[in-house]
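Going in written order, the chains are labelled A, B, C and D, and every chain counts its residues from 1.
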Amino acid sequence: MDFRIDLNCDLGESFGRYELGDDEAVMASITSANVACGLHAGDPLVIERTIRLAVRHGVSVGAHPGYPDLQGFGRRVMDLTPEETEAFTLYQVSALAGMARANGVELAHVKPHGAMYNQAAREGKLAEAIARGVRRFSRELVLVGLAGSALIAAGQAAGLRVANEGFPDRAYNADGMLKPRRLPGAVLVSIEEICSQAMRLATEGILVTEGDNQRRVTVETLCIHGDHPGAARNAAAVRKSLEEKGIKVISFT
Amino acid sequence: MDFRIDLNCDLGESFGRYELGDDEAVMASITSANVACGLHAGDPLVIERTIRLAVRHGVSVGAHPGYPDLQGFGRRVMDLTPEETEAFTLYQVSALAGMARANGVELAHVKPHGAMYNQAAREGKLAEAIARGVRRFSRELVLVGLAGSALIAAGQAAGLRVANEGFPDRAYNADGMLKPRRLPGAVLVSIEEICSQAMRLATEGILVTEGDNQRRVTVETLCIHGDHPGAARNAAAVRKSLEEKGIKVISFT
Amino acid sequence: MDFRIDLNCDLGESFGRYELGDDEAVMASITSANVACGLHAGDPLVIERTIRLAVRHGVSVGAHPGYPDLQGFGRRVMDLTPEETEAFTLYQVSALAGMARANGVELAHVKPHGAMYNQAAREGKLAEAIARGVRRFSRELVLVGLAGSALIAAGQAAGLRVANEGFPDRAYNADGMLKPRRLPGAVLVSIEEICSQAMRLATEGILVTEGDNQRRVTVETLCIHGDHPGAARNAAAVRKSLEEKGIKVISFT
Amino acid sequence: MDFRIDLNCDLGESFGRYELGDDEAVMASITSANVACGLHAGDPLVIERTIRLAVRHGVSVGAHPGYPDLQGFGRRVMDLTPEETEAFTLYQVSALAGMARANGVELAHVKPHGAMYNQAAREGKLAEAIARGVRRFSRELVLVGLAGSALIAAGQAAGLRVANEGFPDRAYNADGMLKPRRLPGAVLVSIEEICSQAMRLATEGILVTEGDNQRRVTVETLCIHGDHPGAARNAAAVRKSLEEKGIKVISFT
């Protein structure tokens, strides 16, 4: 059987004087970069640098739009209206796409960030607003969302290509949603566990959730966190373990 | 002789709950709209609304990038590096262009805002950075700058089309620069004065500066301020007085 | 019988170039000003101006802390942790208190804004965090909250004086909470209705909620909205109608 | 002879998810902490944490107000009016002082940050505006400024106590101003050089400027940078070398 999987990472999350993540080190192991767009993180200079880094590493460039909440890093629930969400998505995707093209590369995908991503996994109206914002920019963009979530459904309904995402280093609730970060055990740290969850997601499409239940999922891309200590090491280990098992690590686009 | 002139106005400068300018009323009289991009003013919803309004009125849509200084409305001098200025310009132009296209119209021009505009009128390095930011997005965009200024020169050197701008309602220093707003007499309020300065700029290319000196200038577009009380009335009066003299009021693009 | 009531208004909500509300006109009719603290609205210059205006009119000065969400004007639900909410409250109260004292007046009360206010009316943990933030600054401050709400209970538990607030121009849900602004009929516009709701709240302590049910409430202060068109007129009309009925309009402090 | 000197450091410059500086490690070596106030850096939670850390280490707490320019980290020149500068100073000092008191300590001093500090070293009007903002909060506060600068003069004229500051790890221009950070050699990195410049400043009051000229200065406090790599090590080394020479390292307050 022929397995292939994309490895993506949220990058370009520095801001002005503030540096976050070791983008350069992570780039070597991933195939898709989700670049923060200046609202929850990132600024025009950071975006420029990150896109150039991606181009140099042959990594696909995507937009990573988030809520306008720098202090909360886009991780706080906010109740934007669908109309706002659509406009904020379109704005951020447009900014990234223009900067990508000016650096010789086409924007390939869009993955919402943080609370926007999590809320869109469950809330249909919000998910549809995001999908509309993406679709209005271009029908060629791939929308990345939590595997099997409302965001994936909304992307498909909008006629977009979608990529179901799995998280090798996160624990899942029984309903297939991510366990919130503030809870203990939400983020896996053992490299063995991370690699074995990556394998299970990539090859068997099996999600082990709370209480050791299993859910079937389709996963086209795996998320590697770039702002954790040891991000680069984790990314390299996951990639190596996948490739050793004969899985082709390649961008979904 | 065949005279033609563009009338432009800075619009879309509301932000969230804050409303500024009577955009709808002004649209009826102008031919080019410079839409704030979300840094010194504007937000994604406001941008969306403003572009739609322009489309409905058949008004050309341009980007109006500014400094990241909402509290100062982009009117405070800031010393961004040329690299920052270039990236901030490209970011804002990209955002506007994407939102324009999603609303069925191509971005036509770029005019920097406030302190960025004034500093770029004098400072070559800054002007070149702005021109690069615009040019990297597209060589089809028209760069609008103070008539005869360093920004116009930088745009031409970058291979961009340019539009020299005159201000019917602003007083000029002897060197052809705008008299700073904080000084008395900087903003003309008499409609007769405004209309006659508009005529002089549009037909004779004559700038009456401080001390009643005259400077020759080329002017392809006249700026109508949208955030002054009576903006809509002024815009209508200027347009009427120009058209009565047989001048064709038409977008430069 | 001797009735007395405070009239409060949210003021100082301008920001930089953006002007909101006719603060000067409203000051003439109210007894307590809730001054925005620079997070959801307001900036240091605006705060300074607003405090001076209050001093000139003999109006009590209070802090009006909100969420760090200028674009959403503090009206969007956000899930700050209790620890964050406490620190954000203390920060804003401190800033206002220092600026008040520098202008010769002591801060008298604190009333949370928008979504913070509404969430704190229902959520005990959030309400307690706000009360702690206030209490840590000073036990002399009065905490203003929705009449009979969780915020009032939290203030009392923290040993603070509280002021139960009623809204003459807002519709109420059956549970005594404010009907959300985005719903039709949430904001009353008829001056007669507003005045009669003011009277009912001030003298009988009766809240007419959705479905014409009645709830008993204690009300020590009535809120007049400062950012509605006709705010000054409404404020004057409410005050006049109360005074005509022999109710003493006086600050609760 | 009896020498004494204060060691200060800019701290609390993290923001939300962004961590900057190893505040805890630096606290062990300094006597005064300048805490960012939320405009150029810092947020209410960070301020709270930093004050508590200072209290635990017996370090004096001061306010470190800056320009409202988070993306530029307050290091970009901005032309606020004196009235704005005064209000922004008062706002930030008030916020810090309230949070300090709520944590059981009185605010001791104020030191402007970055571009505000550098501009106030030369520009009298700006320096006076800052001094007024501080003085209006309390005449007990010590104003920290570049040794011998316009800010020191303005503080004295306003009746404030002042502390002249020297920089062990920065190169100076011939006029006694700091060499701008963007120029090569502006920041010293050799620990020996830093310690010997610290000694010279603390004991002899001699500033070696560009071209090896010497200027006489009075220095009551030395600045240790907290956001440089090796900040904690530098701070410890400077303190040790001073104490070994018999200089008493003690807060100026």
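We take it that a residue touches a chain if its C-beta (ideal position, glycine included) is under 8 Å from a C-beta of that chain, and two chains touch if they have at least 3 such contacts.
What you see is a predicted model; the values in this text were computed from it and never measured.
Undergrad: Going by the stated contact rule, which chains contact chain A and chain C alike?
TA: Intersection of chain A and chain C contact lists gives B, D.
Undergrad: So using the touch definition from the top, which pair is joined by more C-beta contacts, A-B or B-C?
TA: A-B
Undergrad: Could you give the separation in Å between the centres of chain B and chain C, each centre being the mean of its C-alpha atoms?
TA: It comes to 41 Å between the two C-alpha centres.
Undergrad: List, in ascending order, every residue of chain A touching at least 2 other chains.
TA: Those would be 43, 71-72.
Undergrad: Spell out the part of chain B that touches chain A in their complex, as residue ranges.
TA: Those in contact with chain A are residues 38, 44-45, 47-48, 83-84, 87-88, 90-99, 101-102, 136-137.
Undergrad: Would you mind writing out the residues of chain C in touch with chain B in their complex?
TA: 15-18, 20, 41, 43, 70-73, 75, 227
Undergrad: Per the contact definition, I'd like the list of chain A residues that touch chain C in the complex.
TA: Against chain C, the touching part of chain A is residues 68-69, 71-72, 76-81.
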